[in-house]
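The following pair of complexes shares a single chain, subunit A, combined with subunit B in the former and subunit C in the latter.
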Partner chain A sequence: MALRLSRQGDRALSIKLDTISKNFGGFTALGNINLEIEPGEFLALLGPSGSGKTTLLRIIAGLEFPDTGRVYYDGDDITDLKVADRGVGFVFQHYALFRHMTVADNVAFGLTVRKRRDRPAKSVIQARVQELLDLVQLGHLGKRYPAQLSGGQRQRVALARALAVEPRLLLLDEPFGALDARVRKDLRRWLRELHDSVGLTSIFVTHDQDEALELADRVVVMDHGVIEQIDTPQKIYDEPASAFVFDFVGESNQVAVTIAGGEARLFDRTLPLPAGTTLPGDGPARLFFRPHDAEIVADDKAGLAATVTLTRPNSGSIRVEGKLDGLDRLVEIDVPVEGAPQVGERIIVRPTRVKLYAGRAEA
Partner chain B sequence: MRNGATSESRLARATIMTLGLGFLGLFLVMPLLVVFAQALASGIGAYADAVLEPDALAAMKLTLTVAAISVPLNIAFGVAAAWAITKFDFPGKSILITFIDLPFSVSPVVSGLIYVLLFGAQGWLGPWLAEHDVQIIFAVPGIVLATVFVTFPFVARELIPLMAEQGRDDEEAALSLGASGWQAFWHATLPNIRWGLLYGVLLCNARAMGEFGAVSVVSGHIRGETNTMPLHVEILYNEYNFVAAFAVASLLALLALVTLVLKSFLEWRYDYHGKGTGH
Partner chain C sequence: MTATATAGHIPPGHRMRRPCFRAPSIIPGFGLTFGLSLTWLCLIVLIPLSAVFIKTAGMGWDHFSSVALSERAIAAYRLSFGASLGAAFINAVFGLMIAWILVRYDFVGKRVVNALVDLPFALPTAVAGIAFTSLYADNGWIGQYLEPLGIKVAFTQFGVVITLVFIGLPFVVRSVEPVLADIGKDVEEASASLGATRAQTFRRVILPAILPALLTGFALAFARGVGEYGSVIFIAGNMPYETEIAPLLIITQLEQYDYAGATAIATVMLIASFSLLLLINLLQAWSRRRTVD
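Moving on, here comes the complex of A and B:
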């Protein structure tokens, strides 16, 4: 895909958030957020609804103001600067296109509202709009109205409109949330290419872990207004910093155990753990493992006993669902097609890679 | 033949329709016809005389003047109030919403009396006004004030639900693109609310021209000076000048009919614009 926009790499913005807090009438949306974002970085804010991710994005944009804490762009304190003066591109979840304006007028908006002395000539604006529409592959639809476009097309118009003002920072609120799965996947890849070629700093909010892991350089996992982990997608997936992150990112199995004397115990029995597993301190703990980090073994002392309740194909392997003995919990593992168990069969599940976190499961 | 769960027998349907249409005919259509019949009872010449008589013309002029002042005032107020209420969070918001409804819940007589108490000769500000030779009560300013008060919910009431439903995204998008607050209003908000706004203005105008109670209290009924059309109709009627009374009344009835037609048109546009935009 040819992207013709000139690189602005050296213009990309660095951002620093210093102890940002925000309350909405007694509800703590954000509590003491510290975050530094590198110039040119593609960052994902990932979390469930109510985790504060959108509020954080809006504070970075200047659409919302923090109760305490400061926001820095390239080291400058811009906390009190209004959104109109920050020079950011913001893409809204529901596009927020001006429906009474043509696509071209929408894209031109950021240029046409400038004061006369800063406003480019009409012909310059026209050329710029055409360039941007070509960039988002909608060069032929400039005369249409937003209502005449599909969701994916509208989202691209919104992007072109945000890029028209040559922002040094692109902020996207659930950019693919309202699109169907196929369009979403295409747009994702396209957005990543766009980010790389334009060379600005981008931050997007999502509740979709796949989206965050696939697109971002770094992922910020949030829950209840605090940051749980900031890391590369690989590290987020392989080394979740908390039980919440393990549970929220990727598929997982969870078993409540007790740590005592350097061992994990379940029903007064020692649970053999893979070599190299780090144990938390004595007390209740939560053991997590991914479906693909487990195998079926014969030795009934080597793992967790379960009864198979369901099997189904899962991209090249068989997903086995079983009910754990003595626990009101299901376990899900992926096993090779060869020798996969039948429904009703008793199996022993041995996790090959686990993470343990101190504490009890919530509710 | 049965059409489904909600279909009724033919008899029931006929009864309900007769009731509905009968009611409509008796209380709406017939009075309207009577107005025009009475107005033209002595022929078109008498009708023209009544309508073109100087006091009638003065009343018309006053009514138009009052509407021309109070409607723009209430457009400004209504848009500002709806904007503030739906786009910002601030303390006292619910109180403001309640106060906007006040003119609807209070009797028009009371609305008029408020101004007499405030600006009348014996009112709070009366002595001061008299000293500075400003006449509000029994003069045009009082009529305008009372009309503004009575009609002030119309525009705001129409816009608040509309703007609440549309959210803040469009304005925020405009602002994030560098627009000033005024540009955001002009380019993002106003186009989204224009049909709703026109609808509110139409109702506001109809009421401004038709208001009787509150205006009656503050007007003083000075012929040719402080009589609006509704007041003029009443005076003529009280003088048993039925033809003239109904002739002027027929103009007000015509205004109502025009309002209804425009209202239907706006509702149609409104619906048409509300749908199919992906919102």
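Moving on, here comes the complex of A and C:
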């Protein structure tokens, strides 16, 4: 049994979730989730805490069972199969290493618990453990105990341990959550490379939008137990499907307006909108735009009036923060360094690209 | 480097820091608290124990062996240590189970179970002994059903073991509980996700992690059992060679005003207990070394 770490793409798993729901007591953790995941895909489950993303991951793993709905691996219904029989790799947020075992024994665990007839010979296990430790760049630390490693190293051991059983699906629960920013960034890039070289299907849970947008092929944005949007990172950012997604992913400005007669109105006055903006039906609506999708204009009929409260450099441009006239809300925009306004100055902000969603903002 | 260079220039009267038997600490009061602790330990533990040895040393070998190494005494040691070891084993198994349900599950009446565990600490041992005796006697609530099956508990060695199980129960539960609670659920889930069965998870992941604590509980329960007197004498029946425990033999000597004889038996028990506890401690150190933390 040779280890095929290089390209297992043909082995990657496809997953289908069919109307999954799950309640804890009276709390709806998941409501009617439908999701299909392609083999070899790198998928992010993104959402705030309590959005049900971890519960969904645990149901896919078999650590939790849905109240209703079915889970399919490659078309086979495995809903009732226990985690031990599913052959998935799971990486826990707090590593969950076996602290009385050496790093090498931790990695070997999945192989040594196999039934005797499926268990590789000792020398084969040893070689595979070494190969995996080399892969996660910890080849020289096999004899150490987990307590003697740093957080980033422990997470890599956890990853090697999960990969040892040659899973066709790798599930990661907030894999970088407990690490500091620097290590997190390094590990992120490294995980993406690993996914591409091993070629399995990977799903990870995160509440960090940067992480999701940077790593994943597709992002599933969740809130309150339902899926808000499934799309590529680019589409999630450029075309958020709902006010929640716009608000949660990336920086945004929000203004409550009223739609009437095909126009957006604010304080009984028509707010000019960029050409090509789609309007929701009549009634209250929320107008969103990104800080970099706005400019300062002279015509006070062309935009939102505001008083500058703060300016600071923001990678190549100036971030201007202002208080909107008559609204208890701040607006943030990015403007070129030349001609940036001063604090206290009155400006007119004209969004160049907006999205409008029907409904009122939540308190 | 600089230290060696300047070593010759230390002004007279400025002595080099002498080697100290404690590591430097910023918490003040070491001298006072250490001195008081030592005095206290001497008064409470060391002096009384050495008195036992001194008293014993004063008697001749013949007297010593006739009392402390008599056939009757050896039978008593065998019962005391055997029953205590057996009870400690039983407690290790069932105490672990109780700790397990207390840590892992939420159920109605959990607080009551929790309180029940401590009861053997609180109950006067004589009360426990009398209760057990009346329950397990031939006509007792439980004894009457065991009698037809040919199982006799009261006034047998079996009865001694049962009483010692009762006395030692809290030690194992309370030693294991915090350690078990400390093992995250995610560690067990990790084991399962790697394909381990429940049995493999228990044997290879949970047991090694709680082994030091389990051994501590075992040692405490054992030590308590060896010294137990109050509850056992009621249920044991105290027949020489049969159901007579070593502490009772000591009392018997005292009642005959043979103080040296009493300390002689105590000395043998002390040495045996100490050796066993030392062995358990070594075992613990060994298992702890494998879980560097």
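Everything below uses one rule, namely that the second predicted complex is superposed on the first by the 359 of 363 C-alpha atoms of A that agree within 3 Å, B and C clash if a C-alpha of one lies under 4 Å from a C-alpha of the other, contacts with A are read in each partner's own complex, and residues count from 1 in each chain.
Quick note on the criterion: contacts are C-beta pairs under 8 Å (C-beta built on N, C-alpha and C of every residue); 3 or more make two chains touch, one makes a residue touch a chain.
Note that the structure is a prediction, hence the values are computed from the model and not measured.
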Side-by-side fit of subunit B and subunit C on subunit A, or clash: clash
So, does A:98 touch the first partner subunit B, the second partner subunit C, both, or neither? both
Examine A:154 and indicate which partner it touches, taking first as subunit B and second as subunit C; both and neither are also allowed. first
Touching A:61 in the superposition: subunit B (first), subunit C (second), both, neither? both
Would you sort A:327 into first (subunit B), second (subunit C), both or neither based on which partner it touches? neither
Using the touch definition from the top, say if A:266 reaches subunit B (first), subunit C (second), both or neither. neither
Which subunit A residues are contacted by subunit C in one complex and by subunit B in the other? 61-63, 82-85, 87-90, 92, 94, 96-100, 109-110, 113-114, 147, 158, 161-162, 164-165
Given the complex with subunit B, which residues does subunit A contribute to the contact? 61-63, 82-85, 87-90, 92, 94, 96-101, 109-110, 113-114, 146-147, 151, 154, 158, 161-162, 164-165
Subunit A-touching residues of subunit B, taken from the complex the two chains share: 169-170, 172-180, 183, 187-188, 191-192, 276-279
Complex contact set, residues of subunit C against subunit A: 184, 186-187, 189-197, 200, 204-205, 208-209, 290-293
Interface residues, subunit A side, partner subunit C - complex: 61-63, 82-90, 92-94, 96-100, 109-110, 113-114, 145, 147-148, 158, 161-162, 164-165
